[in-house]
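Here subunit A shows up in two complexes: once beside subunit B, once beside subunit C.
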Partner chain A sequence: MTEAATVAAHEYRGVPAWRRNLRLHGWTIGVWLVLLAMIPYWRSLSQQSFSFDIQALAIDALPLCFAAMAQAVVVISGGIDLSVGSLMGLMNVLSAKHMMGMSFREAIVFSLVILLLAALAGGLTGLVITVTRIPDIVVTLGMLFVWYGVGLWVMEIPGGGAPQQFFDLALGSVGSTVIPGALVIVFVALAVLWLPIRRLRSGLSIYAVGSNRNAAYLSGINVARTRIGAYMLGGVFAGLGGLALTATSGIGDPNSGSIYTLNSVAAVVLGGVSLLGGVGGLIGPIAAAYILTLSKTVLLIRGTDPNYAAVYQGLLIILVVVVGGLLSRKTHR
Partner chain B sequence: MRLAEGAGDRPLRLEATHMNGDPTPLLEAREIAKQYGPVVALRSADLSIAPGEVHALLGANGAGKSTLVKALSGVVRPDSGAITVSGKTVRPSSPRQAARLGLSPVFQDPALVPDLSVAQNLRLTGTPVDAVRSNLTSMGLELDLRQLVDDLPLPLLRMLDLARALAQDPQLLILDEITAALPSDLAELVFAVMRDWRERGRSVLFITHRLREVIDTCDRATILRDGVNVATVVPREGGEARIVEIMLGPEAARAEERAAELSGEEAAPVPVAGAAVESAEAVLEADDLRLGAVQGISFTLRPGEVLGIAALEGQGQDELFEALAGQRKPEGGEIRLRGKAFKARHPYDAIRRGMVLVPPDRLLARLPPRAVRENVAAPRSNSPLRWGPIHVRDEGRKVREAVDALQIDVRAGRQVRRLSGGNQQKVTIARWLASGFTVLLCNDPTRGIDVGTKRQVYRLLRDLAENGAAILFFSSELTELPLVSDRVITIYAGRVTAELPGRAADEATLLSSMHGLVLEGSAA
Partner chain C sequence: MTAAPETLQPPSRVREVQRFLTDNPVFILVLVLVALFAVTEIVNRHQVGEPFVTWNQISTMLLVAAPLGMIAGGQTLVMLTGGVDLSVAYTATAAAFAISWQGTNGTFEGILAGVLVGVGIGLANGVGVGIFRVNPLVMTLGTSSVIFGLLSIYAGRAFEKVVPDVVTTLGRERFLDYLPANTLLWIGVAAVLVLGLSYTGYGRMLYAVGDNPVASRLAGVRVWQVLVAAYALCGLLAALGGLLLLGFTNNPDLSLATPYLLPSVAAVVIGGTSILGGWGGYGGTILGVLILTVLGSLLTLLDAEEWERQVIYGSIIIVLTAIYARATRSD
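Here is the complex of A and B:
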C-alpha cells in the first residue's frame, strides 16, 4: 500500500493563473472597456466640451451608481433587493425635507443619520427574510411598497431642499481640475465602504453565503447574520443613492426612486454579478451604471424617440450579457 | 512510510488500551434521537469513542450514520439525547462550535465554497493556512492555494477538506464517507492520516460502506440499523459476513433467505432458463457507448431479465443512465431498442418508446405538492391522444392498481411531499406501472429507503421481470445485487470489467471487479 501512496496520483497542475484571473476579473475589465469604447462615439456626436460632458455624465449617473452598488452587495450574498429604488426615494424625501435651511455642517451630520437609518431599514429587510424564511424577492417586493408609502407620508408632493455647498459636493469639480466631484464620491464610497470589507472575513462570508449556502454553513459561517449584514450594507448604498438624488435634483420627490430598482438589477447583471450569487464585485456594476446612463444620453443626442430608447437599452443589456456569457464559457473550458 | 509500520501490532494495542485502559471516553453520545417530519432518522443511538481509537460507524443506507455525524458536529440539533466530550456535557449548535470542542468533521458534501479560492476558504474558517499547506505537503499533494475551488477536481477537494479539518488539530476527526469519491492511492493517504492520528493519541470516527477499509484500519466499529446502535464489534479479518448480518438485520436476512428459496426453486432448470433467456431477442443493446466518463460500455438486456450494475461512485454509471433515459446524447457508440437504433433527444422520446427511468434523487422525479394520483398519472398524458379531458374512472383504476401493487402507504396525506421517503420512491416506480414500459432503468432505486420498503422493491422488480419486463438495476448497495439480478456487470473507469451470474455476485467478487482489479490483472 505504501507504493500506492507514493504514486503521485495527482500531477494536477491546475488552472493557469492568467486564466483564473481572466475568469475572476475578465467581466469587470470587459465592461470598463465597453464604457471606454463608447466615449469616443459619444464625444463625436456631442457639441459640448469634454469637461462639461464628463461632468454631466457623472452627475446623471450618480444615483444609479449607488443603486447598482446597493443591489450588487445583496445579489452577491445570494439575495435580490427590489426595495432599493423606493428606499432611495424615502431617503431622498427625508433628507430634502430636513436639510432645508440647515447649515452645510448640519447637513453633513444629518447625512450620516440618513445613512444609519438606511442601514437599519436594510437590516430590517434582511431580518424579516432570515427569520421568516420567506424568499428575498417576496419580502423585498413588500418592502418596496412599504418604503414608498412611508416616503409619501413624509412628503406628499415634491419639495424641500438642501444647502448649496451640499449640492456642490455632487455638482462641482475637485479643486480646479476637470475631475467631477460626483465621480470621486462614487470611488470614495467604494474605497471606504466596500474594498476594506471585501478583504475581511465578513466580506468573504458574503461571497461564501451567496456561492453555496450549505458549504458556507458547514464552514462555520453564521449565514443569517451575514445575509442581514449584506442587506444593511446594501441599505447604506441605497441611502447614499437617496442623498445623491437630493444633491443632483435639488429637491425631494417620493417618486424619484422608482426607476432605480429595475435599473439597479440591469446594472448588476451587466456588471458581471451572477444573479445566483457569489460571483462578481462592485466595480463592474459601477461601469455598467455609467454605460446605461451614457447609452441613454447617446440615444438622446441622436434624436431617437425616448420611447424607443428603452427598447435599445434593453437589447443592449441582453446583447452584452449574451456575448459576455459566450466569452466566459470559452475561457471556462 | 513511517505511519504504516504501526499497523501490524494494532490488535494487541487495541485490547490493551481500549478494553481496559482509559475509563473516560473521548466522546460519548447517548440515546441520540432525531426526526425529520414523519421520518425517523435516529431512534436512539449510543456511541462511545476512546482516546487514540479509530472507530468505524457502519450501517446500511438510511441507518442514521450521517444524521449522527451531523448531530455530533453541530449541523443538526438532536431531538433528545446527550453528548459528552471528555466527560463534559456539550451541545454543539453549529459546526464552528463543534470545532471549538475539538470535533472536526469532513462531511460527505465538500464544505468548500466554490466561487472562492482555496486560500479565501481557509481564511473564511479561520484555519491557519500554513498548517493546511504543511498537511498537504506531508500527504504529498502540491496545490496552489490561489486556485478557485470550482476549478479543482472532487478527489482533491476531499483531501483539502481533510487537510483543513486536520489543521484545526481536533481531538476527534470525523470522516463521513470520505473515501467514496477517492481513487485508491488517495484513499491510502487518508488511511495513513488516520493511523498517524491514532499514533498521536487522537481519535477518528470513520464512516464508510467498504468493510475492507474498516477491517484494515479500525479498532472498533459501531453498527447502526434503523436509527439504533445494534452492536459494537472489533472488526477482524474474515468478520465481514457477520458485520453484514448485523447491519442488515433479521428482516433483510429473511429477504436473503427468501431469495435463496427462490433460487432454490429455480435451481434445477436454471441452465435451461438461462438458455431460454439467451435465445430471447435482446430488448436493449448498448454497443461501445461513450459519453463523459463512459469509455465504451456494451451490454445486452433481454425481456424477463434484471441486469444488475455494480460500480463505485462516479465510474460512468450516471452518464450511462442519462444516455439511456434520453437526457444526454452519447458521444459515440450506439443504443438499440428492439433492434432499432435509439436516438432520444429528450426524456420524452425515451419514455414514448418505453424506456423509463427511476432516478436516485426522488426530488427530480416528483411533483411534491401534487396528489399521489396526479404524480402517478402524469406520464399517461404523454400521448397527444390523451390530451383531452381526463378519463377519471379509467385513470383512477390504473392508479389504484399501481398503488396497490406497490403497497404505497398513502395515509400520510394527499400530497406526495408528505409521504415518507420510501413511499415517495414507490410513487416514482408506480408512475411507470400505470403508464406501461418496456425497459425500466433503475438508478439506485433503494437509496435512502428503509429495509422493509427495500424488500418490497426487490420483490416488485422480480415480479416485473417474471412478467417479461427488462430491467437495468444499478445499486450502491452491493448486497442487493444478487437478490434481484439475473446477471451483474461491474463498471470501473467507464468500462465493463466483469460479468457475473446474479448468484455469484457476492460482495468480495464485486468489489474486486469494481476496483478494476480484474481488468488490471488481465492486462498485466
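Here is the complex of A and C:
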C-alpha cells in the first residue's frame, strides 16, 4: 500500500487526496458497494429476521472467505495456488478426526497445531516451486492430488467432530449482540495475520515480487524466501478455512474442500486482485466471497433452480473481468 | 604453446548426453514409459504369474487412453498459446449429451450437434480470451460453471436418449481383435496435430503467439484470430473426446468427463509442453497420456488404495516435470 501510494502520489501531484484514494482502492470500494447494494434486495425477499439472515450468510461464507484470502496472498505474490481447496479439505478432516472428544481448551490448542501444519504444507509447496522452478500452476496442481490423497488417508468417509464450544465460535454471535461470530473471525484473522504483515518489509516484498520479480531481485529482495513466505501465509489461511469447514459443517469430509479451489480464484478475481500479481488486497476478495455466497442465497430464496446459480455465477465472473479489463485499459491509456 | 583453449576440447560425455536430451526431450518420456512398463510387467508376473505386456493388455490400454488423448490434444493447442482450458471436461460432457439428444433424429444429426456444441463453447472461450483479453483461467472457469449449470438443469429433465450405433462402435469396438476403433480415430487426429503443428502456417503461428504475442502482432499475425481458432479447436477435440466416452459408457452422465479435466492438463505438462506457451508439441502429450494410463494400471495392479493413488499421481506430475525441466534446461 505504501509503495503504491508513493507512486500514485507522484502521478497525482496536485490532485485531491480523495481522487487518489478512489483510483487506488476504486475496485475494493466498488465491490463493497455492490455487496451493500445487494443486502436491501436480499432482505426484501427474505422472510427471516435480519439477525438470523446475517448470521446465516456469515456462516455460509466463512470457508470461502478464508479460501479467498489464501488465494489472494499467493496471487498477489505472482503465483496461483490450485491446491487451496484440497489443503482445506485435509485440515478439515485432520481437525475433525482429532478434536472429537477433546475439551474446548485442547481443541483451541489443536487448532494452532493445525495452522502450523497448514503453514508448513504451504511452505513445502512454495519450496518445491522455488527449488525446481516449475511454474506454480503445475506444482500446485500436483499438490492438489497429494493433499487430497493425504486427506483420504486421514479419513476415508465423512465423520469426526469437535467440542460444542468450538462450533459456537463460528455459529454463535458476539455476546448478546447480533454481530455474528463468523464475521468477527474473518476480520480478526485479517487484522492479525495480514494488516501488520502488509505494513512490514515482508508484505511490501510480496507486492514487489508479484509485480516484477526481476526488479524485486535487483532491489535486494530475497525472491525465493518471499514467495515461500507467501505460500506459507496462504497455507495458514487455508488452515483457517479447514477449521471453518469443521466448525460450520460439524464433521470432517475429505471432499469438502474440492469446490473451494476454483471458487477462491473466482473470489480473488472479483475482489480486484490481478492474476498477473502485485495488485489488490485481501479486503476486496472477502467482499467478493460474501457476494458469491449471497448471490446463491438470493437465487435460492427466489425459487430459482439452484443450478441456474452456477450459470449466473459463471456469467457474472466473466462479465466482471471483461468490464474490469476494459476499465483498466482505459485508465492506463 | 600451452594447453589448447577450452573451446577446442571435445565435449565431455555428460554434456553430450545432456545435449542429446535437450534436443530430443521426448526420449526421456519414452524411457519413463518403458520403465513403467517394465515395473508393471515384473509386478504382474510376481502377483498374477502372467505377463502384463500382452497384445490384449496393450489394446485395452489404448482403448482407455484414447479419450484422454483427444481431450489432452485440445489442451496442448491452448497451452502452446500460453493459456489453459479448464472447461474441456464439461465441454466433452455437453457434447456427449448433445449427441444422445439429437441422436433420436439420426446419427448424422447427433454427431453434428455434439461437434457444434464443442466448437461453440470453444469459440466462446476464444472470444473471451482473444478479443476481450480475459485471463484464460478465469474465462474457461466461467464458461465451465455456465455449462455445468445448464447441463444440470437440462440433465435433470427426462428426455429420450439415443446413442447412435456409430458412436458405440467407435467407443468400444476393436477391429481384428486388438485394434480399438477409438485408437484409429486417435491416430488420425494425432497425425493431423503433429504434422499440422510443425508444417502448417497456423501451427507455427500458435508457437509464435505463445512465445511472444507482442512480437507476433508486430510481425503481422492477427493474434486474436489465432487464439479464437485455438480455443475452437480445443472445444472440437474435447467434443470428440466426449463422443468416445459416450460410446464407451453408452450413457450420458453429468460426471462423464469430469475425471479427465486435471489429467488432461497433467498429460500436457508431463509431455513437456510449457504452460507458459511457445514450447512443446503433441508428441510429448501422447507419451504423457500413455504414461498416466500405464501408471493407472500399475496402481490398480498394486491394489493401491485411493489415497495412495492420489498422492502418487500428484507426486509424479511434479517429479516428472522437475526431471524434465532439469534435463532440458540449457545453461
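Operating definition for what follows: the second predicted complex is superposed on the first by the 303 of 333 C-alpha atoms of A that agree within 3 Å, B and C clash if a C-alpha of one lies under 4 Å from a C-alpha of the other, contacts with A are read in each partner's own complex, and residues count from 1 in each chain.
Convention: a contact is a pair of C-beta atoms (placed from the backbone, for glycine too) under 8 Å apart; a residue touches a chain by one contact, two chains touch by 3 or more.
Since the structure is predicted, the reported quantities are computational estimates derived from the model, not experimental observations.
In the superposed model, more residues of subunit A are touched by C than by the other of subunit B and subunit C.
When both complexes are overlaid on chain A, the residue A:I157 reaches neither subunit B nor subunit C. Once the two complexes are laid over each other on the shared chain, residue contacts for A:P135 go to subunit C alone; subunit B is not touched.
In the superposed model, A:G278 lies in contact with subunit B only, and not with subunit C.
Subunit A has no residue lying at the interface with subunit B in one structure and with subunit C in the other. The touching residues of subunit A, counted against subunit C in their complex, run 80, 128, 132-135, 137-139, 141-153, 156, 262, 265-266, 269, 275, 305, 307-315, 317-318, 321-322, 325-326. Interface residues of subunit C, counted against subunit A in their complex, comprise 84, 86, 128, 132-135, 137-139, 141-150, 152-153, 156, 262, 265-266, 269, 274-276, 305-318, 321-322, 325-326. Interface of subunit A with subunit B (complex): residues 1-2, 4-10, 12, 14-15, 17, 20, 23-24, 201, 204-205, 207-208, 210-212, 214-222, 278-279.
Chain contact summary for the complex, subunit B toward subunit A: residues 1, 4, 75, 94-96, 99, 107, 109-116, 120-121, 123-126, 140-141, 143-144, 146-148, 151-153, 155-156, 183-186, 188-189, 191-192.
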